[in-house]
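Chain naming follows the written order as A, B and C, and within any one chain the residues start at number 1.
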Amino acid sequence: MVGRIPSDSQLSTSQFNLVGRSVVTLDDITASQISYLLRKASFISEHLPEVSHAAAGKILATLFYEPSTRTRLSFETAMLRLGGHVIGFSSAQNASVSKGESISDTLKTVSNYADVVAIRHPKEGAALVASKAASVPVINAGDGGHMHPTQTLADLATLQSRFGRITDLTVGLCGDLTFGRTVHSLIETLCRFGHVKFVLVSPKELTMPQYVLDRINASDSCSYEEVTDLTAVIGDLDVLYMTRVQKERFFNEDDYLRLRDTYILDADKLRLAKPTMAVLHPLPRVNEIATEVDDDPRAAYFEQVKNGMLMRMALMSSVVGAPLPGFADDSDENVEVHA
Amino acid sequence: MVGRIPSDSQLSTSQFNLVGRSVVTLDDITASQISYLLRKASFISEHLPEVSHAAAGKILATLFYEPSTRTRLSFETAMLRLGGHVIGFSSAQNASVSKGESISDTLKTVSNYADVVAIRHPKEGAALVASKAASVPVINAGDGGHMHPTQTLADLATLQSRFGRITDLTVGLCGDLTFGRTVHSLIETLCRFGHVKFVLVSPKELTMPQYVLDRINASDSCSYEEVTDLTAVIGDLDVLYMTRVQKERFFNEDDYLRLRDTYILDADKLRLAKPTMAVLHPLPRVNEIATEVDDDPRAAYFEQVKNGMLMRMALMSSVVGAPLPGFADDSDENVEVHA
Amino acid sequence: MVGRIPSDSQLSTSQFNLVGRSVVTLDDITASQISYLLRKASFISEHLPEVSHAAAGKILATLFYEPSTRTRLSFETAMLRLGGHVIGFSSAQNASVSKGESISDTLKTVSNYADVVAIRHPKEGAALVASKAASVPVINAGDGGHMHPTQTLADLATLQSRFGRITDLTVGLCGDLTFGRTVHSLIETLCRFGHVKFVLVSPKELTMPQYVLDRINASDSCSYEEVTDLTAVIGDLDVLYMTRVQKERFFNEDDYLRLRDTYILDADKLRLAKPTMAVLHPLPRVNEIATEVDDDPRAAYFEQVKNGMLMRMALMSSVVGAPLPGFADDSDENVEVHA
């Protein structure tokens, strides 16, 4: 996916123009465009009735080769709340993939039906293949890893909504930092904007991969520290991004059981945190955040769900070229890029 | 679920106000509100074009953890015919439940997407759990037993439509009265309105449970008789509610085969009935009503399907707060409660 | 299905009136009505925004007892692009068919929900049974064989769109002509219009059945020749309709491997064809057309997908009685029937 970053000079009418653009990774769009989407999502949040016909007549195809109810329903709700329609399938067994059709042929077919495609596929690279075959924009809803660009956009929108900015924050990431691709993507994207201090909290078995640390080091205004004890650092954090520590990552069950509780957020640990800290989690949550935390005002993970829907509304309205009544496309207020 | 019956004094602007109300069982709404829904469904039936945009922009989520095509399509059609949208899943294998997410978390997530939820789940109590977690109204589309409130509402609407009333009727219930929770719910609800004579027709192996008989006895204006022979009583009935006698309810196949035919409604038995009798059945029907009965004007079971859709339109428009053009919400004409 | 061909005198207001009509096979509609649908699809193609509310409030039910994503999404897109709604299921495992309900009962139920039904079922004859039980129009989306009337309509629309006519053409059909019911249906329908020369290209093991040859012979203005070598005849063709040669049709793998390549269309073979030839294929394609052909202007198989959607829009708007703004229903210009 090297070389897919568009230069601003390729953009037709405005630096923010995303019409027809596929988004396989966030490298497909500029930091300015991400800021633009954050502004747009914030506008949508305040103007849901006004935008409810913006994409009238547009069709989203959700091609989910593996089930992901949360993500699928978020995309579908986003298109419906823009006044558009939805077609698609929710798992490969309901699709005709048993007949051996290639992803490319499916996308060439679906390009005749839909104005934008959200694809989820178990194989890494499937979304890129799809985007090359389709004649309409394709948005990666997850291929292989569970990272996908609109998850990271949801995370950013939650920071923006809680703090009014996505910079000048101390961001703790806790749990499985080795395999948790969601947090890798969030760090990489925050580094494009800069001015973030990362606090990486994990067992020794599950530390952050070197290439992510290198990415942080490459950003002058970003830094990190690695710790194993959440309670020792939780008081410093503006943001705590929790992830699940999965049993299957450990060689023996004893290690898992010993470590698991250390990385569970409960009311006791939360008492040590700032009153303004925001707790994020990509969901689904199993037991890594105690349900007693849900009613704490710092719990932001169900807000994240709403922000994901709003960012998908912002992104889809942009790539299908549906202008939002009352939203100034070319305004550049609030755009902050200091990478 | 004891204590969930709201008192009328809790209702905000009118005794019929159902905005935001979850309906797990019919005990969640008053008899007056049921009468109100019957009036509303009757209005909708005559004004489908006028109400076709009443719920514009509203989203129904159908969360079906087990398949039930008939019920799901009825809910979905109801929302679409009100001008709203639909998201959801049709079976657990298409949902992400394999990831171990709790029903509560799913409902907290979906509350960000939808304005009303219809849930179907194999486990008893799931709908109550869902209604407590959700921030939007939840309607039970079946959990555990196959009884659910909108089935009973469909039954009531069919009586109302055929007879102009749901009281002063002789109602026969025939077949499996032990396990047929649909008929238990219908009896309990009719007893809230009173003035019904029940004729309970079943083999000795499948008689009505005592708690249902107690409920009838508790209503001064209701009474019952228990018989084993349908042909002996069919001539007395205003309503004949058929249910399926399932093979697996019997200890040996001989008993099943001997009894089964006694409880099959065919043209011969129907000849003994009043010309105005209405035959109801919750569907799906296997062989307990011969297909030769379908074209008889007394067959009301496919009308019941339509009435179910109309009652779901009445209920959903009420709980999402979508006023119907031309329908007077606060009128109390036709409301009859004599329980 | 003998005797289901309606005479024009049965048609109510115009010879083209299809309101309420089920289409199980193309014998259910007259050649004039097919021409009318071709005209209508061509109009729709040029007036998508104008027809985008034509079927507002109408509901399509897609009852797919076996998965067929391409066909299902085509029907659903067609209804959505007419401004209607969609309900349904995409495979039997998501439906309640395990409860043993008959197709007739399902259709009687769904007739209360939908204004038109598209049914796909593994058993031959299921669509006819469905059409007899339903009180709304039923369109066969495939039962048993993979032939279904809207596939043939898509093929005809592709000829009409490429050549401005469906007569006076040399049409090659290549591959599995024995079991390929799509090509049988296309031939039979073209013979109703006449003036086509068929070139039948297949291995000896997979030649055209005698009853199809008889049908061609019964049309004075049609003729055919049978050959085994595609390269020898490709230069004569206006149309080349490719089908898949399936391994399981052969007694031994050697025969399959030897013959398969002969019936693969690639750039080399295409070099021998007329510059205006159109390549059709019902899709999904496995390897019988090399992907290098896709970008050749003669490749018409993804256009066929779009034409299928347009014909489904034409057909569904006709059977539900949704007039298209600006389209003159009773005009008979361009209707050519010389069978």
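Keep in mind that, in the parts below, contacts are C-beta pairs under 8 Å (C-beta built on N, C-alpha and C of every residue); 3 or more make two chains touch, one makes a residue touch a chain.
The shown structure was predicted, so the numbers you read here are calculated from the model rather than taken from an experiment.
**Q** Over half of interface residue numbers shared between subunit A and subunit B means same, under half means different, so which is it?
**A** The interface is built from different residue numbers on each side, given that under half of them are used by both copies.
**Q** Would you mind reporting the rotation angle for the C-alpha fit of subunit B onto subunit C, rounded to the nearest 5 degrees?
**A** Between subunit B and subunit C, the superposition angle is 120 degrees.
**Q** Roughly how many whole angstrom separate the Cα centroids of subunit A and subunit B?
**A** Inter-chain centre distance comes to 42 Å.
**Q** Please output the residue numbers of subunit C that touch at least 2 other chains, ranges allowed.
**A** 93-94
**Q** Given the complex with subunit C, which residues does subunit A contribute to the contact?
**A** That would be residues 57, 59, 61, 85, 87-89, 93-101, 104-106, 108-114 of subunit A.
**Q** Once bound in the complex, which stretches of subunit B touch subunit C?
**A** 49, 52, 67-70, 73-74, 76-77, 80-81, 86, 90-91, 93-94, 283-286, 291, 294, 302, 305-306, 309
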